[in-house]
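Following are the structures in question.
Both complexes below contain chain A, partnered by chain B and then by chain C.
Up next is the complex of A and B:
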């Protein structure tokens, strides 16, 4: 669907990533070791959109959190623009961090309820050297995500779900990122608002030459937004390939099951009979 | 037999000092054993409709119109004018509800089994040991493969799908006739979602449940429900049998929603509905959908559209329903 990305350079490279969570004995639980990610490798080129698809709890978000520098891997390497992010010193990591920005699923809780839209975006802009005045930059960012400048005086509770998610995207763009990590960006959205967001993300990808790491369990979203897909189960990739090819000709039974489950047409007929 | 009849239901939020119309002139009836899907965008009033039916509107929300519920012993109750004690008898025992955020609707510091046991011992008036046995059985009924582990687990130890099924078990503990499920599958992955919907279907058959399913997934509504009610900015835009709406949606809004769902299925890029849903605090005059409607004409901006019966059990609120455009 999105061609012309194969010749570009590698932006993110993940090699044999392993993430193990140790849960200490608490009042509620006994000691537990959870192997969330078990040796995952992939790379994302500049301008490319790579999706990880799988059921809840398969380890998708752990990979994203690790790439963002929030969760330390137990083993393996995460390189961004050739630098192993987990071996960088604090100063270098601080310089690199703005280039990888997250857009979370829970769009409402990602925005400070006490800040206006203007302040939310200005906060991000303040960390960046900028030629424009901050108010010009805010208006331009709002415009780039399809929002009217009048919205900048509103608080998050005065916005619709679609508008909130656009503010999250505008805030991420304020830092001039190269890679956006989109964790279920449209799963909480209505049908129409979700489609509009997909349109926006596809156009921003072209305009800002962005790369996406998309985390999702919604195959419709994935098909419209990604160039390549990896299907994840129990911490490992079980199948991967170009989006259209994989969705049209899945080879693994689990992938077939995921695709089949997204089709609800036989639901009432089989069960109500 | 009509189990639930809603007539001219309007809800006004006056908690902030000004009156905001949340729901306007909603009317439908639901027969025993049927499933009604309520679809619409966020902010269209779907959850408020459910809360009105179960009598759980927050303070400051004023309800007018009629909601008639026929209990299992054939007693008719008007939910809006019912005494608190009557509502307590209806909630849980007659009408159960699975809330949108299942995990958040469970008590975080009480083990799941004990939450269900408490409901069973109150609703069925049985002793604790019997209630515990039944709670384990209920956990099995809702398809949880390790009922013993789940019984002793706290809500935070469950996955989203498991929490959703525990919330369903909790709602079923009172053996309701009518189950309201408010976006039960919106946060579930596709396999869990399909499993959950199949489970709802099976439980519906086994217990002769009547179901109100709130969703913004049009595909889910089309596959699952007998009737569909489409809400837009607190107004009912279309209501009818699923087959009729699927075949010939009459309202431009329903049509647009169905086109998006169809395009996603046929792997085309869908055309979204332009603009945003109208604000309830400052709604447009006339038809609330007119600012986004491709067919809007002057009359749509001036007057509220009347309800037009297209066929038996299929009505639309539009000046220019599909057939006449």
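Up next is the complex of A and C:
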């Protein structure tokens, strides 16, 4: 059981979210409408971890991108700390954004290839009032994600996958966020690196009093990180509940399939390790 | 400075191109100061002398020293090409950025303008206007720039449209950076490699166009000299007075090869994966 579930303040509230992508016709094809999200509602309280689990293409990343202000919802409301983020003007949205930080699935592409680690983290720090020197702050942030300060002068292509992921987390932490949106945080890691990263995320959650919105297709990952889980299929939640309850007593066949698939993935990763 | 020298030395194309262009620039800038001859001083008693110790590249029909004229012509030709490229590149960057970021109807209008401008036969229009008697170096620079910004604008627009969808730009937006900072600190440096390479290649194209205009007698007017002007002075008797055209032609070719080599080299060194290894 994860700690922090007793906090009561609602951070993120999503009500009846609908996201529709319009694909304009070309000479050879007709207009296409893709209903990525069809009326999803949930909330995340301060200190809580909420996971959305489903197979690729079910709409979970669309929810994350919409909560980050990148994909406009077709209907519904997304409120963060009481503010509807899609009704804010550009300036107010910019001020709110540091509080919701993403850690993208493609962690390599999330780091500017022309910037050193130091510059990447400093870019985040410059938006924050800070009484430390930026150099000290960078070193401290690197330390908090388990990286040596010597890595500061490296470019992203000189880092391993795990190091890149941790730099992404360090950059997010530089902004003192309330909510981290973790999109498949360990999907590209081997088993031992994945376990270490999960331990780090659990530790950071306590230290920085973070909340997580976790996006994953792997239930074994979210089991270790989440308080509540929602199973998503074809743009809707088909089942949701406390993590342990849902994993031990799944009511939907689709959830059972995902649990079986996660067990197989773990077995495969263990054999590889 | 030492790092720049190291980077230049680590790429053969860049090294060769830099040496070649460096020599041409030093030759063009310092030569006229050291030469005993003025590029426009006529001495009919020494007309059409073949290369000798007193005139290493010979003399032309008016007895002017070809070496002095080529050195002065280098300043004019390179100056025109560099200034026109600078104007064209800045215009292209601004229009490309506006087109990519504003989008919508403005993007459509600007891109159709690019299509129209690319459809113009640029050499014909330049010749037409200059042939009407409006020839001046300033006008040549302006016309070359007006008909050269479109490729840069297209490159910038297409690169920016790709880069702005990259996750590191989404991350920059997510940390709350202003749009201006995202454009100039996060997007533009990632486009600069392509822009610089295209610009260097544009310089060689413009050297060729300026030489063509001057060769046709519509560019830089005598007694002023550009490499194209000198080239055309030898066409009356290309065999008997070979030194007039051959040496100016060699400089045009050398400059174009030099800038192309620099362009190839820059394509490599502007990749951060390359610079890290040097």
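To be clear about the criterion, the second predicted complex is superposed on the first by the 255 of 273 C-alpha atoms of A that agree within 3 Å, B and C clash if a C-alpha of one lies under 4 Å from a C-alpha of the other, contacts with A are read in each partner's own complex, and residues count from 1 in each chain.
Simple rule for what comes next: a contact is a pair of C-beta atoms (placed from the backbone, for glycine too) under 8 Å apart; a residue touches a chain by one contact, two chains touch by 3 or more.
Just so it is clear, the model here is predicted, and its values are computed rather than measured.
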item: Which superposed partner A:109 touches (first chain B, second chain C, both, neither); value: second
item: Comparison of chain B and chain C by chain A residues contacted; value: B
item: Contacts of A:127 with chain B and chain C, given as first, second, both or neither; value: second
item: First, second, both or neither for A:245, with chain B first and chain C second; value: neither
item: First, second, both or neither for A:41, with chain B first and chain C second; value: neither
item: Which superposed partner A:171 touches (first chain B, second chain C, both, neither); value: second
item: Which of chain B and chain C A:199 touches, first, second, both or neither; value: first
item: Shared chain A contacts, counted only where both chain B and chain C touch the same residue; value: none
item: Residues of chain A touching chain C in the complex; value: 68-70, 94-95, 97-98, 100-102, 104, 106, 109-114, 123-124, 127, 155, 157-158, 168, 171, 174-175
item: Chain B-touching residues of chain A, taken from the complex the two chains share; value: 28-29, 54-57, 160-163, 187-188, 190-193, 195-196, 199, 217-220, 223-224, 257-258, 261-265, 267-268, 270-272
item: Chain A-facing residues of chain B, complex; value: 41-43, 154, 156-157, 159-161, 186-194, 197-198, 201-202, 205, 216-220, 222-224, 256-257, 260-261, 264-265, 267, 269-273, 276-277
item: Chain A partner contacts - residues on chain C that touch it in the complex; value: 166-168, 170-178, 185-186, 189-190, 272-273, 276
